[in-house]
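Below you'll find the structures, each written out as structure tokens.
Okay, so chain A shows up in both of these, paired with chain B first and chain C after.
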Partner chain A sequence: MANQNVLIIGGGVAGIEAAKGIADLGYKAILVEKRDRLGGNPDEQQYSVLTPDRRDASEALSDMMAPILDNENVDLMYNTIVTGASGSVGNFKVKAVSMGKEVEIEAGAVIVATGFSHFDPGRETQKYGYYEHDDVLTLTDAEKLLKEHKFVRPSNGEVPKRICFIQCVGSRDRQIGNEYCSKVCCGISSQQAIEVREQVPDCKVYIFYIDMRMYGYWENEIYWPAQEEFKVNYIKGIATEIVKKGDRLLVKGEDTTLRRPMEVEMDMVILAVGMEPSEGTKKMAEYFGLKQNKYNFIETIGGPLDTVSTTVPGVYAAGACTGPADLEDTVSAAGLAAMKALGSIRRNGNA
Partner chain B sequence: MPVDKSQIIEKESVTVEGIELTADWNRMFEQRVVFDYDTDALDKVTDLANAESMGWCYQCGQCIPVCPVDAVGEYGPLKIFRKLQQGQDLFNHDDLWKCTTCMNCLRVCPKEVDMIKIMPAIREEAVLEANVPQELQEVFENTFEYGNPMGESQRKRADWIKDAGVDVPIMKEIKRKVDFLWFVECYPAYHGRGQEASRALARVMNLLNLDYGILGTEEKCSCDSQRLAGETGLFEEFAEHNIGLFNKYKVKKVMVTDPHALNAFRKEYPKLGGKFETIHYTTMLAPLMEQLNFTKKLNYKVTFHDPCYLGRHNGEFDAPRNCLTAIPGIELIEMGRCREQSYCCGGGGGGMWLDGFMADHVTERLSENRVREAVETGADVLAVCCPYEVSRFEDAIKSTGNEGKLIVRDIIELIEEAL
Partner chain C sequence: MANQNVLIIGGGVAGIEAAKGIADLGYKAILVEKRDRLGGNPDEQQYSVLTPDRRDASEALSDMMAPILDNENVDLMYNTIVTGASGSVGNFKVKAVSMGKEVEIEAGAVIVATGFSHFDPGRETQKYGYYEHDDVLTLTDAEKLLKEHKFVRPSNGEVPKRICFIQCVGSRDRQIGNEYCSKVCCGISSQQAIEVREQVPDCKVYIFYIDMRMYGYWENEIYWPAQEEFKVNYIKGIATEIVKKGDRLLVKGEDTTLRRPMEVEMDMVILAVGMEPSEGTKKMAEYFGLKQNKYNFIETIGGPLDTVSTTVPGVYAAGACTGPADLEDTVSAAGLAAMKALGSIRRNGNA
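This part shows the complex of A and B:
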């Protein structure tokens, strides 16, 4: 008899949604999370609002996780790190360290939902001086400031008069190795730009970009309002370097529509860092023997028509552990993974 | 240090702070590096009512290939936007006066950056600051004083009817309601070539037994082009005057010779209380063409220039063509840029009165560019139906050395010629 339980690794948005799906269908979900709370990157990195609906991130996540917090069909295991795996569909045995103790979890199917990590702009080239200048931030740093409604210059605590975003940091870059587009950063930057204009109305905001990638409704829901209502200035042409000038930052680049160099002073520079596979994602691929793509994300094998099946039967991957994903992609994939995981168990049990 | 020759600006003479400099002093280098994007210049525009959409440009560039001014110079909404983003003060810049409000950019703009609203809004501010090219300022003053841009006497506004050869009813005199009012407008009332077309129209309408009247010396300029050039106050004053007359004569339907008047009556007069139907004379005549007894075959190859304010602005593309093709013997040859894509004669939005100013900014006049296109079709006649165009294109035929190859005729003149 196959084990009827589904193990979900990772308590972020994908893991929460998958657990909800499994529980709703009347099966048992075992959700393991390395931290002592759910919520994944949006919680850990203290996102201010969700994209694109701009709902308060903490509130939205609380609502989302409420159905699984006190649910007899969901076993929540916090402070739990998976350390190894064996077995096959219908009968996985997964080793973990939970609350400091070694445990073994049995499950019929597994959903990997270990997500992404934000690109470290100091990795590889360090061309923007992230670790050199206090006022050079990443999108995640800016999220925290916006969440606290304290959008000030880290160097001196002053309210900035002009800031800029630099797009595609750590994405679309052969030298760094991340050739892919991280998909969400154009939208996140534009949305943060709106928040800055709301919180600090006198602050001028510029976005330096290669091409704005605002697919679907993000175009009209984020990009257009940012430009039209909030008067965010979009300058085509990416900045190449940042140098200190007095107590400001001199951003140097090429304005590609004017075909002229630009050297503009900014109080803060926000680097639109992209997505990379998290450590957990890489480890799960290793433990379960899942094929990874050249960027170390977990490879799904169904092309565009199956976004969650991996090279190992019974193991599914959902969300940003398979590649850059927005929240909409993530919850959609999580629901699909829950369904396919239970499908594999039922097929196996009937065989 | 090596010099990039493309960066050198060399002028015959320049005037710097009132001092005229010549020769070596005039070699300059354009500042290359962008040191700031001063958003104040753009904000000043987008804060203005009706000019908000200037800030919506996402630089797709679709406006530039269709901008008639860019075809003969450097212009277009994208370029204006980029200059604003660099801090250029459009309120005090020649770029403010180069737009002819032809609407070709708005036709293709995915973001609906609306120069038809933006230009008058900014220009109105410039007019209030008396910051207007001199030749345009004179036209404003003429219009204010005499009721027409040429500065002709108001008393002579109906003089053209004396030589019409038929009775042209004047509302003040006939003292009865008519089927429709013919709003003659300034160029058809005063300009020599305009008067010829007006008389032809009067005679054709006489043949068709149409029941109409004109306002005669009571009529004042519709002022639509003055409005688009920034003279909102003048426009409103004159609109109230004309609406008062329409009300006095219980006018329900107006026929215009001038597409600019058509535009004002349809889109602006209703905001000021003027509620009546307006049609262009070609729209009036097109369905009546079969009632005319043509006696002559005109063996002309004719190409037709769509007026911006009849076609793109008000959607009438077929009536002029239907009038033309109903004339025996005429072969209509379209120019490449026709109908919605029609090129602009340069006369709209105040351009009619800025030829001297524009000469400093373009490699050739828009009308010259258009005439060359018309000649290339092999047509004998360039047919028009906007009173701005006859004189503009006749001048352009001369200045481009195409005399003898092409003549300009108002559609009504061709109709009458075949009768």
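This part shows the complex of A and C:
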């Protein structure tokens, strides 16, 4: 007889949504999370607001996770790290260290929801001087400042008069091996640009980009308002170097529309860092024997018609552990993974 | 007691996936489809291959729908058009005309999966002369030619030597009221460009674009190979007019990188038409009282953290009936909709 429980690894957006779905259908979800709280990257990295609806991130996440807290169908295991796995669909045995103790978790199916890490702009590329210049930030650094409503220059505490975003840091970059586009950075940068203009109305904001990938409704919900209402300046151009000039930053590069070199002084520069598989994602692939793609994200099978099945029956992957994903992708995939996980248990047991 | 069945309206990719999920969990799906077969736009419009994996579309769809054909948990109702609805979650009563006869369908929850229509390039914009020039095609026209391996000029049956795609036809266009980006056209155009280069190796292929929105893996799976392996020429530019010149087409516009007017002769021009809500989508919104956005797609509630719930409890919307969606979006959303539909029935009945 197949074990009827679904183990969900990772308590971010994908994991929360999957647990909710499984519990709603009367099955048991066991959700393991390495931290002592749910919420994944948006919580850990202290996102200010969500993209594209600009709702307060903490509030939106709280509402989202409420149904699985104190839910008799959801076992939440915090401070728990998966360390190994055996078995197959219907009868997985997963080893973990939970609150410092070794435990074994049994489940009929598994949903891996271990997400992504932000690209480290110090890795293999020092051209932007992230670790040299205090006023060079990443999107996640900027989120924290915006969340606290303290958008000031880290170097001197002053309110910036002129800032820019540089797109595609760690994405679309063959030299560092990340040829893919990280999908969300154009939208998130634009959203942050709007927030900067709201919090610091006198600050001029520039975005240097290759293509603005404001797909679907992001075009009308973020891109148009950013330009028209919030006067964000979009410049098709590539920044190649950031150096110090006095107490400001000099961004060197090329304006590809005007086809000429550009050198612009900025008070702060925000690097739109892309997505890479998290450590947890790589480890789960190893423990469960899941095929990974060349970027080490978990490979899904079935092309565009199956976004969650892995090479191992009974193990599904949802959200950014399979590659760059926005919140919509993640939530939708979690639903599909929950459905398929329960389906696999029913087919392989006598439920 | 709540009715335990889920009514799915539309037998395209979203409807098929939702039905599969519901059946897999042991519930009954009633799938109504206006045509006499499943497959939605990819089948009706005779897509050649899917984007991005370039698998034969007919074959992929056949495999996808196989599990719901002759499935005791799925009632397939072909040639059926929904004409009205009443009731609420747990007890919807839906009127339809099925095979010419009036019927009433009862269901506990409903999934609207009525998809999109391709933008008609004759509507409100005649600048591209779609209805005047035989050699001006849409993406769907081109799909059919590629599927049949007969990629020739409609005007004279000759193999083209030089063709171009024009992006954003009916999208990102405030004048016609479609400010949104249709999301998939960059990828599909690039995929077709590759296919043209394979089928007609001597044909030069150009793509005129505003931004190439090759998000996520489309960047490395389509955009890099299109340029490097298949020598597709991407030109950032805007085409403003197409006129006849001898037996060829003269495309007038502006090369925005070189900042100069451009006039290029082409044998065929393919318009990358965007997505609009289908008639069925607009009608279902009306019958069920679902809020629509300003473009008449069905509005989902909950921002990026809920891609399928509508303003009416128990009615979910999946896929391109909610806005521009690629196949991945559609399949994932269908899974989430199936899960939420079953959850709503369980919460509102005594299942």
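As a convention for this text, the second predicted complex is superposed on the first by the 349 of 351 C-alpha atoms of A that agree within 3 Å, B and C clash if a C-alpha of one lies under 4 Å from a C-alpha of the other, contacts with A are read in each partner's own complex, and residues count from 1 in each chain.
One rule holds in what follows: a residue touches a chain if its C-beta (ideal position, glycine included) is under 8 Å from a C-beta of that chain, and two chains touch if they have at least 3 such contacts.
The shown structure was predicted, so the numbers you read here are calculated from the model rather than taken from an experiment.
Visitor: Would you sort A:204 into first (chain B), second (chain C), both or neither based on which partner it touches?
Guide: First partner only.
Visitor: Touch test for A:68: chain B only (first), chain C only (second), both, or neither?
Guide: neither
Visitor: Which partner does A:342 contact after superposing on A: first (chain B), second (chain C), both, neither?
Guide: Touch partner of A:342: chain C, not chain B.
Visitor: Which of the two partners, first being chain B and second being chain C, lies in contact with A:55: first, second, both, or neither?
Guide: A:55 sits against chain C, while chain B stays out of touch.
Visitor: If you stack the two complexes on chain A, which partner ends up touching A:260: first (chain B), second (chain C), both, or neither?
Guide: first
Visitor: If you stack the two complexes on chain A, which partner ends up touching A:308: first (chain B), second (chain C), both, or neither?
Guide: second
Visitor: Figure out whether A:228 sits in contact with chain B (first) or chain C (second), or with both, or with neither.
Guide: first
Visitor: Hey, is it chain B or chain C that touches more of chain A?
Guide: Comparing chain B with chain C, the partner touching more chain A residues is C.
Visitor: Please indicate which partner A:112 is in contact with in the superposed arrangement: first for chain B, second for chain C, both, or neither.
Guide: In the superposition, A:112 touches no partner, neither chain B nor chain C.
Visitor: Residues of chain A that sit at the chain B interface in one complex and at the chain C interface in the other, please.
Guide: 212, 224, 236, 257-258
Visitor: Which residues of chain B touch chain A in their complex?
Guide: Residue positions touching the partner: 32-37, 39, 42-43, 46, 52-53, 55-56, 58-59, 82, 85-86, 111.
Visitor: Show me the residue ranges of chain A that touch chain B in the complex, using the header's touch definition.
Guide: 204, 206, 212, 223-224, 227-228, 231, 233-236, 255, 257-258, 260-265
Visitor: For chain C, which residues count as touching chain A in their complex?
Guide: Where chain C meets chain A, its residues are 13, 17, 21, 24-26, 50-53, 55, 60, 64, 172, 179-183, 211-220, 224, 236, 256-259, 303-308, 323-329, 331-340, 342-343, 346-347, 351.
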